[in-house]
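Labels run A, B, C, D, E and F following the written order; every chain starts at residue 1.
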């Protein structure tokens, strides 16, 4: 209990290959303590970017995977009954606000409105968090800032952030890296040769062109890293691509065959 | 526990730039203890106005961010299980009514219609709040008054205040300030030059004309303050507008390009 | 704890201006202990009438603002755990039934069926309330009677009282008072002159004709009292009507202008 | 705790005017311990009949007003947290089965289909009630029997008893009594003259013909008793009919006028 | 606590009249510990058959009437807090699995998916039940087997067993017995003469032909037993058929008259 | 409490007949700690494969049968109220992550999308599980890996894994084995002759062709093992097929007759 943030500090630099001015913009936003929203498809590096920035800014990182069953109390905290009586337990948002961490709400669009609305007083000039059950009005630590991720492809009529939430955040767009950058990432993360990584990225680029034409989502950088790791384990490249790239993203027999054929033109 | 309202008092004057007779009307309504409804789009200054009035009237301010998962008990209070048994915990509405604060229900239209019914006996001549679970009929403190905010652009068939709720309130309309006033606000809040603020406001005015033509909501004063703060941090103005004005309000590629182009005509 | 009903007694006569034979009919119904249903639009005086009758009949009045989150236990009562063990806490319905109060369920149509069904055994010849958790079958005090309010304009396919509930009640219709009576009420409640009150009522009558033609509900007597109080505070009459009569009932720009124009023909 | 059934015993004979062989059939069914279903519209005397039979058979009567929020635990029982730990509290069904009462589930069709399933093992040859939470297999007392009421006019596609429930019961049809019998009942219950009661019944018969032609349900015997009681209090008959017969069953202006006119042809 | 299964043992042979090879097939399935599903309409003898087989195989029988409010904990068990601390309470499924009973889930299609999914690991080769709250992985007693009942006429799009559940069970079809067998059953269960039973069965056969032509379900064997018992009590046969056969299965006036007429051709 | 994983270890080799390179691919994926998704119809051997791999890799196996009522807390854990206060109870996912087991989420598509989000931080490079209620950031044991099963035939618009979940997994396709392999399995698991097993597999193959033409799902290998076991018990083959193959998968009379006829061509 000496340093409640110890588990949340990031000691080693997380590998992140910048693709534009995102590091500088995040630093400026953090200097102004502006809450940030990271927009982009799954598996393109949003979570890794936040880890990297937390390391770079030397702030602890409290990550919350949002979901529909999460209540406001899961974010804010609750009283627990133990042998000596009741004890208040800070939730992750309170913990971050109290101790000056970056709080990262991953896939915030999954959360119910009551969990998103609790962040409002922390994201305007008040920078407070009312702990109503505890009768405390917590003023956020000067180093605290809130970051959320948001996949525009997922938002629906039923699940979207309210404008009154969105307008509290600055926003950065993320996408898949350019060819050469993505090859560099795959080589760095898996240890395959540049030649193999080059083929994997080429396969992914073909599949990304099929998004909206039978594929719901393209092959992400994360999936290329999966394939590379299997190949590095000695798995035959076609089998590795089957397991790591094709089978996870489609259940349709025709699409599966088309993707397998695309793989076969490279390996 | 000496002054349960201490955290809710506002010691320093919150900056608020009046745009009409709203301060005088609110003061007269408060003198008659008439509940007030502030109508207007997100980020136009309703919350800041309430803070300012609470400071001006020297009353504590208890703010509740309403949401559709909020139950009547979240407003009124509940029994908590404690080492010594159960203990009653006033909710924010009860706290304000008991101690003579202004209770501000932000985005009240998000609350379920049935939850808003609990405010009825506090908003007519009875000025009482029955704490049914506690067996107490709380008579409101003479200084207590209720204020709600309401965004007409959000109300839908499913989410609207009931007439029997609306008719209990006086109402003030809020909108985005006039050009010169908004420039003054941006300069005051961010420290950018009048020239820069003038451009930012002009960009916002263009975007506000697109509301209903592809944009759900216009660029708010709050967002201009965000952009101004980034520019004041040294961020290149186009990048600042991209992060603070454009990316947060649209996921549509065409709209994004149109707004980026609008930015480019100024910076 | 000497007189558990003390907070519920009404010492001073609440102002009520009768519009017909409603006082005599309610007295006869009470003499027969017939449960009563008060039907009418919002803000026309139903709640005030119940207060007046409770004062006139010298019975305590227990009012419950019904809502969808209210459970049967909120009406009936529950066990609370405290330092000495468990203690039963009567809910408002039980309290009224036990001690001979008038129990007034305001906007009963908002309540879920489980809260409305618990009143059945209290509203037929049995006049009992089963406290199942306590193992008590409470026989109602001879002075107890139940009153509910009901706004016919609100009931929908989803929210309506069941016939088996309605048939347990006698019913009284309420509406807006006639011109002269309403002027008398506004003068009495606000202190404005008869001339001003006359104009306010005339404005309300115009707006009531628009009900169903763009207005969901007319301007109620309560709203006229609001406007009169602002005028009595020194607010310019047009501004008072804008705040108290027009802005609360419409978000539509055309309707708002039409009502503002109607105000301008009087003030 | 000496006799847990004491409050449920019926000492004085409840007035019931038989309209056919229903008393004899119920006695035979009870002798065979056959569960019974009473079918008919609201307010026609089903509940009074059960009270009468409980008195006649000298069995305690446990009545449950069913509703759609009622869970299986509300019928069967639950553990309560107590100063000494948890304590089992029999629900009304368990109480009746354990001590040999008649258990009357009023308006059973309001309960969710799945809640009614708990009565199945009590209504076949097993005559047991598994208290799963308590780990007890309760064998019903030999005197126990289950009675349910059922309003065929209410059942909808969403709300109906399952065939597997219905087939466990014998059934008796109830309707409004014949003219002379209903007059006799009104006279007995209110003390009005036969001439007045005769007119009240005639008005009810007219309204019953409108059922399905603008009226959801006819005027019940219970409502005639209400009107009679008001008249016995000295209320003018037309006003009594307005309050007790017309206003409770319709919100429609035309229907209200038609019924008022029907009243005017008698009084 | 000496024999926790004592209440669940069946000492006397429950009357069951086999209609085919169902006893032999069930015995073979039990020998292989294959979970069984009994399919058929309500009141045709499925529950009686399970009781008979439990008696024949000398295994205790734990029956659970499934319903939508039943949670997984209701089947599996829970911790109870009592004076000496916490105590684990086996639910009926755990009780049966631990002590080698037959567990019979009656009308399993009513249960929510979480209660049906908990049976999966007990119905494949693993034969385990994870008691997650207790941290125990219970291996089923070698004598344990699971039986479920299922009415094909009830399953809907919303309520059906998942294929992955169905495929874990062998299945036996049940229907109404042939004429002579059903007569034999009615005589045995009620004591009426063969002549009377013959007429009752003939009436039932007529009604079964109307299934799908205005009748949702036919007259079951159970209902014939009801009618027979009333006749044996001395009730006039036509009245007995009215109460036990006709009124329970239809609310439609024409169908009721048709069935009454069919009764009149026999009695 | 010495080895919390003891009950989850698999001592004896579970019979599994490989049909391709699935064992090698799973081993390579496990070496890279890549989360795996097993795709295929019910009853084709996915669960058995995971048991076999857990035995082969000498890791404990924690299996969770997913369902739509499962909350995040059911996977992660919760505080339990205990005699000494609250005590944290690891859920199955936490247990596996903490102690280095394989966690197998069976039929993960049944869980709500939002519940599956909790697995995200365990399935990327972070390999952590935030226990928000406990205030612990659990780092997964180096031996931990997550496996999910997925039946593509079940996924619907309402029930499907999100792309952001799918892309975290490598995937292996499973189907019914080829004829000779399936015969080998049936012989091994039941002890019937190859001739009988050959006929059973032939019947299954006919039924599988009817999938989508009146059958929701084909006859699985598991069902063939059921039929074989009944035959090995001495049940006549046609009766065994009726009970184990036909009745469980269809309620339709025509389909039942067609399948019975197919059985009759072999036995």
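Here, contacts are C-beta pairs under 8 Å (C-beta built on N, C-alpha and C of every residue); 3 or more make two chains touch, one makes a residue touch a chain.
By chain, with names taken from UniProt: A, B, C, D, E, F = Denitrification regulatory protein NirQ.
Quick caveat: nothing in here was measured; it's all calculated off a predicted structure.
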item: Labels of chains that are neighbours to subunit E and to subunit F; value: none
item: Chains touching both subunit A and subunit F, listed by label; value: none
item: Chain whose Cα centroid lies at the greatest distance from that of subunit D; value: A
item: Inter-chain centre distance, subunit B versus subunit D - centres from mean C-alpha coordinates, in Å; value: 51
item: Subunit C and subunit D, separation of their C-alpha mean positions in angstrom; value: 30
item: Overlap residues in subunit A, where contacts from two or more other chains coincide; value: 81, 84
item: Chains listed in ring sequence, where subunit D comes first and subunit E follows it; value: D, E, F, A, B, C
item: Residue ranges of subunit A in contact with subunit B within the complex; value: 21, 24-25, 28-29, 31-32, 34, 37, 39, 71-72, 79, 81, 84-86, 112-114, 116-118, 120-121, 124-125, 130, 132-133, 135-137, 152, 155, 162-164, 166-173
item: Subunit B residues touching subunit A - in the complex, by the definition given at the top; value: 4, 7-8, 42-43, 47-48, 63, 65-70, 74, 80-84, 89, 91-92, 106-107, 110, 151, 154, 216-217, 220, 222-223, 226, 229-230, 232-235, 239, 243-244, 247-249, 251
